[in-house]
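Below is one structure, written out as structure tokens; comments come after it.
As written, the chains take the letters A, B, C and D, and residue 1 is the first residue of each chain.
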Amino acid sequence: MRTIVPVIIAFLSGFVMVISFFFNPDRAFIGRIESEVLVWVTIVGGFTLLLGVVSITRVNWHAVQSKKEGWVYNLLTLLSIFVMAIPAILPSSWSPLLGRATGSIYDWLFFHVDYTMMATMFAMLAFYIASAAYRAFRARNPEATLLLITATLVMLWRIPMGEAFLRLFSDNLPWLFSDNLPDKINTYIMSGANVAVQRGILIGAALGAASMSLRIMLGIERTYMGKG
Amino acid sequence: MNFWEKVGALDRRWIYLLVALSVIFPLIVPMSFKISITPEAQQLYEAVDSLPDSSVVMLTFDYYPSTVAETEPMAIAALHHLFRKNCKAITLSTVPLGGPSMAERVTRTLAKEYHKVYGIDFVNLGYKANYVAVLKGMGTSIESIYPTDNSGTPLSKLALMKKVKNYNDISFIFVVADNDIVTYWISIVNAQYGTPVGAGVTAVSAPKYYAFISSGQMTGLLGGMKGAAEYELLVRAQGMAEKGMGMQSVVHLMIILMVIMGNIAFFAARWAQKGRSE
Amino acid sequence: MSSAEIIQIWVAAFFTLAIFSFLYKDNPFYRLAEHIFAGLSAGYYVGLIWESVIIQQLWDPMISGSWWLVVPGLLGVLMFARLWPRISWVSRIALAFVMGNTAGIFLITQLHGIVLPQMGATMLSMGTNNGFASAVLAIIVVVGVVSTLIYFYFSKEHTGVLGVTARVGIWFIMVSFGAHFGYTVMARISLLIGRVYFLANEWLPSFKNIF
Amino acid sequence: MNGLAQFTALNRLSLDLTTGLQAVYSAVPEILKHLKIRFLLTTALAVVLDYQLVDAATSDSLFRVDRINALVTVVLFSIAILLYTKWAKQGKSLFVRKIAGLDAVEEAVGRATEMGRPVLFIPGIQEIDEIETIAGISILGRVAKITAQYDTPLVVPVRYPMVLAAGQEVVEQAYVEMGRRDSYNKDIVRFVAGEQFAFAATVNGMMMRDRPAANIYMGAFFAESLLLAETGNAAGSIQIAGTARPEQLPFFIAACDYTLMGEELYAASAYLSREPIMLGGLKGQDLMKVIIVALIIIGVILMTLGSGELYRSLFEAV
């Protein structure tokens, strides 16, 4: 019973979408079912986000209670959750500081703390890429050599200074590089080889995703349900 | 470790310092460069520019705060273009962490500049969970998925939303995104409802969407900060991206030099090794 | 610059530098910022889901008549059973409902929205009727797509013709990944530029107002 | 024809197709099957041709006739996947070629054994429900068998408790299978840190201290992949990576000695584990790739001859 009922629900919920695709939504009754099911899915989907919040709260609460090493940091996380969540839930009619609109604590904390940190966290990658460029990217085999040569060409093409440098080649040696070398990079590398490979990978990935979806719908693939 | 191996394994913090300097340098010595417009950026600009007066365009804020340096200038330049062309803008976000708040801030600040009225010229629908169901659901009725806008006003009370039932009433979808949602806007919305989709994406994901440009499923593509700078130039809205291109050039040249020097050290070390072992 | 603005900029600058400090080495400032970030993001979800799902999609519609929405509401609450292993199987119904629906949509859209149109777009004429350049481009795209698909074909050994096609495939893949590498470098740099721009053009000028 | 009648008609159509195909499948050896399938497909296309010509004006009809191409694709795809999964479950011998990357992994572990230095294996940094992590864990099983056999030290840092449990299960099973239960200890697979960059920093520390001879990264990786590959390079280890994330592949290719790309990661784990569901999926998708390549080549030939427009319109998404 613990797996049959969910499998049937997964199949029905998916089958409605597959069938309604082949019917005119306004003419067939299936269209009305599909639209209602989609609304329900957006509602249930919202709760999965709250699931993550509850598990973070629980993990940090245990860490604080058991005074694990560095539990002060966990306490900080707990405080941050409530400082952000509580004012947002209270009705904004009581005071402009509540709710989610501009000028609320929620909005202020998001833009000036959360937003800043997230933008900075990924900014560090520029440093990592530079050091990896020097210390790790080696033309160690023919494939990596071709990759690095194309990468250098595309990097040059992507910046104004580099483009001017490339145009030097095509202006002075037109018989070798024909007229506009930078345009050639866009046409033959980006819209030629790149499109071909991205398309091949897209088709492969789409077949993989469709295969996984078919197995989930028919209950063959159930790992997402977890053990027990 | 012979000399070249040591050069090749320089402590990474020296390189971090070099990166910091090469970013700060253009700040002190401001540089400006002529930015060339790629055909894909031109295609997106013309697709929006050719829309008739007061046609309805859906502008999506599908990016996380982590990539605002690339994506936000695109959303701002797009909104400049829409407000200037007197198009109606419906904004929404499929990103739960910050999406609706960023959409709210960008639209409200720009609306003041163009004296646009909320509910008539633009509406922010905000976020609803499970983007696949959201994209598919809006095909039949936007109101079924979004009973109210981001601040809770029922759609029936907003003049703009009264004449927009689903994708058939939307002339163009301008997706600004840093994740795979672009593929779903194309494979669900464009493939099944025919609404033209154009996108501004982060540079890391741009190469993939060339496949949709060349198959005609996507009308126009902006790639990374350079794409944002191109659209700012086309719309003549002086923005953040254009200023950033100076720094971009210096750091790029430095990285190219890094790759070349790193490989020189690599081959020299191997050559020295071979010399010693013969 | 009003005092509120100065506080805003200094708070943002503090956290920017706290994250950057990780570049030197892991330190208490970084861990402090990291843990606050995790908490604020979780808190953001609570505020967002409370208003956009529970109030706007459930409470308001239900009190104005569509009472049947109590069913998805209950299904959503069932999702929390996942947190207690003993009764986690109860959450499967809600999970199956959502995953099944997404699977149904993907089964159609991945084939109808991606495989078919991408196949159609690869059927290019190799004739030179509209120009030599378009014929060359068509050959590159067709050979590239076929050789990439063959490279990721696992049901036969890559020998003979299949082996040659796979070899060609790997060269195309390397060119495409090279282009991808070039684009990604710009992506990472832009993010850094965004932050340095904030520090230089907003934080530094604010010193004038204080000192 | 009301909705119900339409539905049963559709049902009967798909049943006939399945039984018809089944009869064909059982009588023909595997290579011929591909040819047979192509013959069957051209007949199916003939059916489609007259449907496609039906004027789209009938679009207010109940049934979206203009989407028949999608119906044929979905039905054909489902049959291919389900039949191969059924055979895989029946234990039929389904051939999957050995992925070159696996030889590179075995070579690297062999070299580590010679030098008596540890092997470091990271099954990606995502949760257990990610397909890439599952693939990474099955490749870990293979590596653990070799390290068990030659008693080479193995270190597996992980980021999530569930991945820790799955990793320990697979490694222990490998050591038991090779009859080396005594040399298995629980902290071969160890939980290192939760946060992405803290995980990378800790693993970098381990790399510089233990100086493993081989680093193997198999699974889902993000921006921190650069940090790992770079430190491994500085520590002088052979590095082999495998991930399906396109944005990380260029870096792994440039920084590692060998890289499994995208679907190769899944094929490698299907090859190793022979797990029926994965194998069935892989073989079904392979068959579709054969059909897709054939249809594309037919299309290119027709287009070059100038009479391909009608054929090509069959592939439009409407």
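Just so we're on the same page, a contact is a pair of C-beta atoms (placed from the backbone, for glycine too) under 8 Å apart; a residue touches a chain by one contact, two chains touch by 3 or more.
Everything quoted here is computed from the prediction, not taken from an experiment.
Undergrad: In contact with subunit A and with subunit C at once: which chains are those? Just list them.
TA: Touching subunit A and subunit C alike, sorted by label: B, D.
Undergrad: Relative to subunit A, which chain's C-alpha centre is the most remote?
TA: If we average the C-alpha coordinates per chain, D ends up farthest from subunit A.
Undergrad: Which two chains have the greatest number of C-beta pairs in contact?
TA: A-C
Undergrad: From the mean C-alpha coordinate of subunit A to that of subunit D, what's the distance rounded to whole Å?
TA: For subunit A versus subunit D, the centre distance works out to 20 Å.
Undergrad: In whole angstrom, how far does the Cα centroid of subunit B sit from the Cα centroid of subunit D?
TA: 30
Undergrad: Nearest whole angstrom, what separates the Cα centre of subunit B from the Cα centre of subunit C?
TA: It comes to 12 Å between the two C-alpha centres.
Undergrad: Of all residues in subunit D, which are in touch with two or more distinct other chains?
TA: Touching at least two other chains: 67, 70, 74, 77, 197, 230, 234, 246-247, 250-251, 253-254, 262-263, 289, 292, 317.
Undergrad: Among the residues of subunit C, pick out those that touch two or more other chains and give their numbers.
TA: Residues 22-23, 34, 38, 41, 44-45, 48-49, 51-53, 57, 98, 101-102, 105-108, 110-115, 117-122, 141-142, 145, 149, 152, 173-174, 176-181, 183-186, 188-189, 191-192, 194-195 of subunit C touch two or more partner chains.
Undergrad: Where in subunit B do residues touch two or more of the other chains?
TA: 9, 12, 16, 19, 23, 66-69, 96-98, 128-130, 133, 136, 187, 191-192, 203-204, 207-208, 211, 214-215, 217, 224, 226, 248, 251-252, 255
Undergrad: What kind of graph do the touching chains make: line, ring, star, complete, other?
TA: It is complete, because no pair of chains fails to touch.
Undergrad: What residues of subunit D sit close enough to touch subunit C in their complex?
TA: 67, 69-70, 73-74, 77, 95-97, 99, 195, 197-198, 201, 246-247, 249-251, 253-254, 261-264, 267, 270-271, 282-283, 286-287, 289-290, 292-293, 295-297, 299-300, 302-304, 306, 308, 311-312, 314-317
Undergrad: Note which residues of subunit D are touching subunit A in the complex, please.
TA: By the definition above, subunit D touches subunit A via 3, 6-7, 10, 59-64, 67, 70-71, 74, 77-78, 81-82, 85, 129, 131, 134, 197, 223-224, 226-227, 229-230, 233-234, 246, 250-251, 253-255, 257, 262-263, 266, 277, 281, 284-285, 288-289, 292.
Undergrad: Please name which positions on subunit B make contact with subunit A in the complex.
TA: Within the complex, subunit B contacts subunit A at residues 8-10, 12, 15-16, 18-19, 23, 33-36, 38-39, 64-69, 96-98, 101-102, 104-105, 108, 128-130, 133-134, 136-137, 139-141, 144-145, 151, 187, 192, 203, 207-208, 210-211, 213-215, 224, 226, 245, 248-249, 251-256, 258-263, 266.
Undergrad: If you look only at subunit C, which of its residues touch subunit B in the complex?
TA: Checking each residue of subunit C against subunit B gives 23-24, 41, 44-45, 48-49, 51-53, 55-57, 60-61, 98, 101-102, 105-106, 109-110, 112-114, 117-118, 120-121, 141, 176, 179-180, 183-197, 200.
Undergrad: Can you tell me which positions in subunit B touch subunit C when the two form their complex?
TA: Touching subunit C from subunit B are residues 13, 16, 19, 23-24, 27, 66-70, 96-98, 100, 126-130, 132-133, 136, 147-148, 150, 152, 183-184, 186-188, 190-192, 202-204, 206-207, 211, 214-217, 223-226, 240, 243-244, 247-248, 251-252, 255.
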